[in-house]
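This report refers to the structure that appears directly beneath it.
Per-chain numbering from 1; labels A, B, C and D assigned in written order.
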Amino acid sequence: MSKIPVAILGATGSVGQRFLSLLENHPWFAVTALAASDRSVGQTYSQACHWILPEPMPEWAREAVLLPASPESVQARIVFSALPADQAREIEPLFARAGMAVCSNASAFRREEDVPLLLPEVNAEHLAALLPIQRQRRGWSGAILTNPNCTSTGLTVALKALQDSFGLRRAFVVSLQALSGAGYPGVASMDILDNVIPNIGGEEEKVEWEPRKMLGSPQVLAPLRLSAHTNRVAVSDGHTVCVSVELENLASPAEAAQALSAYQPCLAAADLPSTPRPVIALRTEADRPQPRLDRLTGRGMTTVVGRLRSDPLLHLKFVVFSHNTIRGAAGGSIYNAELLVSQGMLI
Amino acid sequence: MSKIPVAILGATGSVGQRFLSLLENHPWFAVTALAASDRSVGQTYSQACHWILPEPMPEWAREAVLLPASPESVQARIVFSALPADQAREIEPLFARAGMAVCSNASAFRREEDVPLLLPEVNAEHLAALLPIQRQRRGWSGAILTNPNCTSTGLTVALKALQDSFGLRRAFVVSLQALSGAGYPGVASMDILDNVIPNIGGEEEKVEWEPRKMLGSPQVLAPLRLSAHTNRVAVSDGHTVCVSVELENLASPAEAAQALSAYQPCLAAADLPSTPRPVIALRTEADRPQPRLDRLTGRGMTTVVGRLRSDPLLHLKFVVFSHNTIRGAAGGSIYNAELLVSQGMLI
Amino acid sequence: MSKIPVAILGATGSVGQRFLSLLENHPWFAVTALAASDRSVGQTYSQACHWILPEPMPEWAREAVLLPASPESVQARIVFSALPADQAREIEPLFARAGMAVCSNASAFRREEDVPLLLPEVNAEHLAALLPIQRQRRGWSGAILTNPNCTSTGLTVALKALQDSFGLRRAFVVSLQALSGAGYPGVASMDILDNVIPNIGGEEEKVEWEPRKMLGSPQVLAPLRLSAHTNRVAVSDGHTVCVSVELENLASPAEAAQALSAYQPCLAAADLPSTPRPVIALRTEADRPQPRLDRLTGRGMTTVVGRLRSDPLLHLKFVVFSHNTIRGAAGGSIYNAELLVSQGMLI
Amino acid sequence: MSKIPVAILGATGSVGQRFLSLLENHPWFAVTALAASDRSVGQTYSQACHWILPEPMPEWAREAVLLPASPESVQARIVFSALPADQAREIEPLFARAGMAVCSNASAFRREEDVPLLLPEVNAEHLAALLPIQRQRRGWSGAILTNPNCTSTGLTVALKALQDSFGLRRAFVVSLQALSGAGYPGVASMDILDNVIPNIGGEEEKVEWEPRKMLGSPQVLAPLRLSAHTNRVAVSDGHTVCVSVELENLASPAEAAQALSAYQPCLAAADLPSTPRPVIALRTEADRPQPRLDRLTGRGMTTVVGRLRSDPLLHLKFVVFSHNTIRGAAGGSIYNAELLVSQGMLI
């Protein structure tokens, strides 16, 4: 079987690089086009890109010529978007209208009622429920699928396991987020050496809303309410999130541990190339998860939970960790694309 | 007037060094004795101490010979204790019995009903209420006074201003704590470079309990309930704490800002050499407080509050910052000693 | 006596901020004008400046309105320039022509034969030798004075003490340079966390040439030859430089230590407000100097030397440390201006 | 073919962990014994070991019971030693006498005339030349082989390529070394955050001597002379070394680049499981090698060279980078063991 041709929009940035790296040797997808902003179009990828990943730039990409981010220029059936939100809002619909499936990491369309906000191991069923509505309403032969904000990602996976077993009422969330989440050049070194920045613009609103969409029914937000504080710390990759939750039905830490460890995604999402193995890794040490040690669990796709214990105000406290540019960005979009293909919904 | 002779127990460690540094040129106190553990006794301070502060080791200390930590060896009226908790439990009562006032940074006696747990700008009145009880019950002519855990310190100052104006019901607290809080050598560099450690042994219990003692009446805990997550991050000095609070009486962020900015300590604590000026600094920028920029506010004694805003679950969210080895440790003990002296309670 | 009015060009950048901070309460100078690039002109300083220093922004500056960097807009007798080299080349001569003394941190004119490249504690005599030539040749009533590159600064001070006592033939130099030397935003955090960048553009050429001008006679380069490797490391402030030198006349480490410790600047430079006290601090510990502990020696103006020992290839090895934005930039320009004034050469 | 049983001495430390990690799935060797210090003997590996590597602890090791480091307790044909030098001096000969081949990372025997100091891609021929002498002189049926200090490792590989083509006279060497080289807990975080430590005890003597033994004939030091400065920086893994060299026969940077790129080890070392592929990687970018990006080149076994250019004092300047706990420690010992086996010299 020949591979499905895919393109990357915003290919030179931090998330774009992850797309390239994760798509090298992908069993289903072959990158056929790299698109970038106007000032880079026409340059080779190695000329235009300041590569910041420890794994080397894929050889095939070095001489690839960067294309404009327009459906006329890009030949592909799936388009992975690492565009900034404002550009995504303009450009992604052009691709959807032209018949391509846009699997987007941008925030531009996450709040649209007919756009799936998707973590396959959490709410795979939203895809089949929303895509026909989206296509009909917008008259698109293609589609736009989104994955959530990087901090919402691991958080929502862990909350889903608890919701399924005990129901969820409220959650307090405080993040310690990695530098790569700010893109490149992103955070200035003088601003983070020996420092914490106790704010990330727009992030708290996303973390307080996105999990409700994913944990709800299609087009109905979950009743869960959240409060978030988001912080930047001197970590390269991987977001650490402290969570306290109030459940519908009381559960002991042991019962919650059991629910988290036993969590399985629905069948549709359970055996795709990017399915996290395991979906959730529960650590029982006193001081885990840690970014340096846990970021590559399940090749960066696994959600790692630790420090599960009782909370004096609500019911449970724990720490969630997830790789922000793999599970929380490029890897998430790819997993979504795999679900789309396996469900037979790619046109 | 001649200065009051004071001693430092545990003088070579991280907090001990802060005591030396802060007591140099103190207007009321003169250090007359430095005590250390058995293996250092008899050495000069400069031989035994791996000095880690950016300000240079005080000249007078270099050749001072380290004494045993016993009341027979140490001539002083006030004893500042930077001992580990287990040693403090054994050694501090010996000094109190011998007539000296022990101003301790150790946790050993903080939970004793008759021992003041004291932040002068918060609960100065606890001193006069508890010290006579302590002396009578224990038969001591001296005394033990304690200051709280470094994370509880700034948190409690901020909570006090809110409690006075609006009453307090609950608080959710997540800390991002500095390395110096772990002493020296403390945290291994391999454990914190490009990393977060999502646990600090014993810290959460302290943060969930100590503010209740200080915000209550003498011998009656405040009804406030707290939940804490504590984390270690790659910051040298200064603890950042994300807080969400539920008040007794609803207040807007603007009203809370007013209460925090206007907060004044009681008269007894308001004009001592170590009184923070201001007690609380309220920052209105989107990204403050930050350790690198705010740690020396008010010479490290001021509590800095920022990001005051509404909380979707409780009432208010904000960030509190405080220097952990100045306001949160050595500076706190010294401020306590100043209160003791100014109240005429030093024997 | 009323203070001399001074202006700062490039006032919002990393070095510009140091100028503001160091000139607050200067005994001779009063800042009367802050100039910035076109996009900031007309804004207040606090609007336009992302302040990155731990000491707070001076109160008087907050509401100061930024002026264009032209002699028509700026009323001052001395102009401190923190401009980038390309802008300095255009703009600084306009001020000199208009009768102002430009004390510049930029590299634009350092290599001009008639422009003093000045460290007062090293080559104060160059000022009187070159300024009349400069004024005559260029027809300026004002002047341009420069201070060297930040890495050359401490290196040249240490080399000067050795040159005076023993003569100098060759020096190997490897720097470990701080982030603040790259300005703001400067180095991206993703590029330096857990990393070293083994190159700083244009820096090695400066370090191999500038000491020769300062250690030579006016208009004659010193015969000393240098080889430099320059590296960026994760340090906020302060450059560490490893040096091996070949002397004209053999000296033991003890003799060199004596020469370094005893070094005194010429009388003209010895008692100015910014004169380093001491000029050179010699550390004898095995592991000093260190940026975190030594950067504020002599309020950041002192050159710190340590690890003095024999070199197996040349004669001596040692480590030089100097604060790059104080002694190596803004503080150096100010010290130069003080020399100019005290020598009666300010028009 | 069944695998050769091997043991690890000092298995719980930083280098010991690397041995475990690198030997998992080794094609020739199977770990049959883990030995540790007295206080850990009898514990399981997971109880006794604070695992600090990002790759997870091998499953088979978790329940392995730690043995005493004595030949009576340990059944193996090859013994990998990650012991501290003082213990290595006592313990390694016991194993050699008992017939085992000790492949040691310790410095204890590196300077002994009859002990190979070995980098297979540099001086494989020393093994056959020295081992018979060692066995005869000491009456051992086993043997001791050593690999050099981590900083000498990459340096010597690069120097070897130049020596072969042009001859070598002198080298000036300044290292920026990673934290993992100091073991665990090693460097305190307070000592290295925002800092450089300009000294590593005993390191400079090793770097100035060890390359001479490896680049010489068996039992004859190479005439090359070296001068070293060694520094600790805030990097987790991988040593960066700035080098200036004087050659016997002048070479241009282009000629040197050719010699480095073309360098091939002798046949005996060229196709072993741990042979670096390539032995030397030459980077041509202006800012490489960098620890974060280059540390895993050739699975951490490759020596990376960059910034090759003319030196104003000697002939050439360049930067060498090498992974200190893989190529520079555990991986080096394993490569040595592979050479021993492939040469038929394992008894």
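We adopt the following convention: a contact is a pair of C-beta atoms (placed from the backbone, for glycine too) under 8 Å apart; a residue touches a chain by one contact, two chains touch by 3 or more.
Just so you know, these numbers come straight off a predicted model, no measurement behind them.
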A-D or A-C, whichever has more C-beta pairs in contact: A-C
Equivalent of C-D within the choices B-C, A-B or B-D, defined by over half of its residue contact pairs recurring: A-B
Centre distance in Å when chain A and chain D are each reduced to the mean of their C-alpha atoms: 40
Approximate Å spacing (C-alpha centroids) for the pair chain A, chain C: 47
Multi-partner residues of chain B (each touching 2 or more other chains): 52, 193-194, 234-236, 292-293
Chain A residues within the chain D interface of the complex: 51-55, 193-194, 236, 292-293, 295-296
Residues of chain B defined as touching chain A within the complex: 170, 172, 174, 176, 193-199, 201, 208, 225-227, 229, 231, 233-236, 240, 242, 244, 286-293, 306-307, 311-314, 317, 319
List of chain C residues in touch with chain A within their complex: 14, 52, 179-180, 184-194, 234-236
